[in-house]
Amino acid sequence: MLDGDLSRRLVDAARRRVSDHQDELSRLDAVAGDGDHGVNMATALSEAMERIEASDDPTPAEVFRTTGRAFHDAVGGAAGALFGSFFGAIGGQLNRSDNPATPADMVTGMEKGLTRVMRIGKVEPGQKTMVDALTPAVDAARTASGEGASLARILDAAARAARRGALSTTSLEPRAGRARYAAEQSIGSEDPGACTVALIFEAWAEAVESQG
Amino acid sequence: MLDGDLSRRLVDAARRRVSDHQDELSRLDAVAGDGDHGVNMATALSEAMERIEASDDPTPAEVFRTTGRAFHDAVGGAAGALFGSFFGAIGGQLNRSDNPATPADMVTGMEKGLTRVMRIGKVEPGQKTMVDALTPAVDAARTASGEGASLARILDAAARAARRGALSTTSLEPRAGRARYAAEQSIGSEDPGACTVALIFEAWAEAVESQG
Amino acid sequence: MSVRTRLFLNNPADAVGEMLEGYAAAHSDVIKLSDGMVVRATPKPEGHVGVVIGNGSGHEPAMIGWVGEGLFDVNVPGPIFSSPGPGGIVDGIRAADRGGGVLLLVSSHAGDIMNAELAIDEADDEGIEDVEMVILYDDIASAPKEQITERRGGAGLFFVWKMVGAIAERGASLADCARIVRKARDRTRSLSAAMGTVAHPVSGQPLGDPDDTSVAVGLGVHGEAGTRLGEDVEADHISELMIRRLVEDADLPAGARVGLLLNNGGSLTIMELSVLYRGARAELERRGIKVARSWVGPYATTLDMAGFAFAICQMDSELLALYDAPARGAGFVMPGAH
Amino acid sequence: MSVRTRLFLNNPADAVGEMLEGYAAAHSDVIKLSDGMVVRATPKPEGHVGVVIGNGSGHEPAMIGWVGEGLFDVNVPGPIFSSPGPGGIVDGIRAADRGGGVLLLVSSHAGDIMNAELAIDEADDEGIEDVEMVILYDDIASAPKEQITERRGGAGLFFVWKMVGAIAERGASLADCARIVRKARDRTRSLSAAMGTVAHPVSGQPLGDPDDTSVAVGLGVHGEAGTRLGEDVEADHISELMIRRLVEDADLPAGARVGLLLNNGGSLTIMELSVLYRGARAELERRGIKVARSWVGPYATTLDMAGFAFAICQMDSELLALYDAPARGAGFVMPGAH
């Protein structure tokens, strides 16, 4: 079950993982983008954790909505809008659920988040964006959840799928985001946003597993 | 004897010699100055030759005055003013002499030129400037001329003295020109203006010698 | 040649905030800082349309230097190269609202559009009505003409900013302001060029290959890569090639009157800008196109990029009058008239 | 970090001439080219004092951008970093002569002074009378205070140019113009800093060690070397140190009112300038000195040098009024008032 404390630990695990890979993410973004993706993600997640720590015993909904807003306020840009809306959608769904929330609530939130990202970003899978990691991750989570799996198993399946999805972007030509103006340069290197998605799900899977 | 044709060939010899050493002179100026001395001198002497070639059978006075004005017009800066006034003074003296002029007229012109340079530049010998090559050159020329030497012998003596003078600037600390603001940097390298003086007298000595 | 990775800053993470403080203090007669936004020192009269823009930092004097009389009412600066989030834009809309409606201008970049759209929804939720958003683009390198709405925003948008600022200052309606914005946009084209690249001041990451010294045409304002022209290209050749592409894209006939803008993308010298301008002007004249007004200088920079952009805007008498209307901003300069 | 040795130019040997053509064409409403000189598009009334300056190129917008109403009447541009020769200066004096006498201003650099002195003699020979030359200096790094007349000219001279331009425009006598020049000069101090160096565009020669990335204080406007401060110095530290040296050299008491100028020596970003300005302003305020007017931007550049200079001028009501008088030049911007 997903309570406020676990939610907080999920965001913190994501923060740590992304910070550790910050330079790599910026380097990936510099290939055809503006080289700030790692800074953006690390900044937003730190801001999120600061706000969460400052609030008193937050609910899961509050944790995820706060995270979404931190992305919107602290980062802006494409990824701020998209990741912020993804976290915000999870928070919105959890707001409609009991506290603690069920794994199924979390999966529904993730599905809503993916839908929002695709609408706001005006992208489909295959355009070399974060959606290429998020779509398989959410699919895998939905399947696992449908089979009645635990949150740990669900997130583990999502993480593996996200990583495969992120790797699959290497050979794609970008069709969205500012990288598309320099499409050729980017072939042969992974999409930074997709890589962040994989890192977040991997951090979540480990965090839930380690709590047993 | 110094006629219009020989005068023209002196300026041309100086032009060729300085152009060949242009990069070296700029490099010397970059040590503590603004790195343009070679360009300045080469530009001025080319401009001088263009003007001289454009005039019909010029007198020695006309050749040297034209050269002085070319320095003033085409280069400006410290060296434009100083070298321009040096050549102009020779021209002014030859204007008062017969055509062709005697070696003694030429030496008197050089003496006047040195005096002007020291007045306009407000420098004495020992301040790491062109004057440290020009002073010994003019002294040597005066001595040789007093002994009744030929123009070839006079210029040869001047060239040797100028080169020794230029080399002697290596160990000096600059006290004039913009190099003085970065005095330490410049110790250990020759003054570019002094080096140009040596190059010019060497070119003159060879040009006169080769004509026999 | 390579990039300057160390700037005269304190902690680079504080650079945007400290810049805003310093800039507002130096120009306190024109602008002030309010909640992280740049606003006019003297607000517009009640009932007039407010004009707002949000944008990433690192492009100064855009847009902090363009807040003032006859220009923007509010600029919401985001992090370096990154549009502000929806919350900031909603604050900007609120600050610009003088009861006559608010025009939210967006230079077409994925992040800017997304955040603006999120902000419009949020403003609507909060009951702020009468907000119109217009997306602007002009960079002919970013999409073919058939997909003109896919193009990104470049230095040509300064024509649009100037004209809408002027008509809003006169008290025109929101609809009329939006009409001018679209009209000016549709008559504007830009194209950029640069040599080398710049580094992101926070990550220190160069945005391109620092050892590639060739000239590229068609870069984005955040250092997004362009097409390499090769080394040792003469300025006249570059100007001619760029003007040709602009004129052809805009279908400008002989006899057309244009405003010509030459944007300093960062560290070009006035010597280079003047030589490039001279070449562009000659090419336009060869084509029988009359340069009625000229702007040469820094408009939208990319930190200290050794690059530039040309932009042209086809004038008519309505646009020309708006272009010539007085304006005042910390980084605003009136165009030269010929 | 290293220097950019290739610029957007045609043949570098033609750069100054082509720059003048392009710059004059872009700003044809303010200036025009005449015999290689930059002159006002609309000359001053008869009987007024003409103000002339000659200087090396490569420092734009100095001084080509400062010709116009309330500023210079004539600028005689020389080759890159090199003052024009006496012939050009005499032409400039002749062009500026409106029958009220001519003021020849010289920024103290060896070559500039020599050529100006030769020109004064030549003008005298030609029967041009009523020419007064004033030599200007402000750079505290170039000589100790006891040898103040040995100091060289720096970015602070823009205070002097502005004030003399204003009083000459009003029709003051030659003596009164010269008095203002000396008064403003004696109340002005400047000091510069930079990292790295630049290359001479014609010779391609870097003017310093291109691999030395440390910050230096006290450079000359032609890239002459300064004193190294070390690497990784914070902007606030540099601002504080420089302002302290300026205030102490000028003996400014608490309560003094100053104009503050922050000159972009070439390629600094507005982000850096704003952060540096913020630090300087804070240091002046800590000392109880009131910043009455601010100028932040490119005044005298050294091509694309990553450097800057601070200058302060102690105001009184006479100088402040001249400082605030309207003026118009292609590169002139009114100071911010606080």
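Which chain is which? They are A, B, C and D, in the order written, and residues in each are numbered from 1.
Throughout what follows, a contact is a pair of C-beta atoms (placed from the backbone, for glycine too) under 8 Å apart; a residue touches a chain by one contact, two chains touch by 3 or more.
Every value quoted in this text rests on a predicted model; they were computed, and no experiment measured them.
Common neighbours of chain A and chain B, by the contact definition above: there are none. Taking each chain's centre as the mean of its CA atoms, B is the chain most distant from chain C. Centre-to-centre separation of chain B and chain D, using mean CA positions: 32 Å. Chain C and chain D have Cα centroids lying 29 Å from one another. Between the Cα centres of chain A and chain D there is a gap of 54 Å.
Contacts with at least two other chains are made by no residue of chain D.
Looking at chain B, no residue sits in touch with two or more other chains.
A linear topology is adopted by the chain contact network, the touching chains following one after another without closure. Every pair of chains in contact is given here: A-C, B-D, C-D.
Chain A contributes residues 22-23, 26-27, 29-30, 32-36, 38-40, 43, 69, 71-82, 84-85, 120-121, 176-179, 181-182, 185 to its touches with chain C in the complex. Taken in their complex, chain D has these residues touching chain C: 1-10, 15-16, 18-23, 25-30, 57-58, 60-61, 65, 195-196, 201, 213, 215, 231-232, 234-236, 238, 262, 266-279, 281, 294, 296, 298, 301, 303-304, 306, 308, 330-331, 333, 336-338. Considering their complex, residues 54, 56, 78-88, 109-111, 114-115, 117-118, 141-142, 152, 199-200, 202-203, 205-208, 218, 220, 222-226 of chain C touch chain A.
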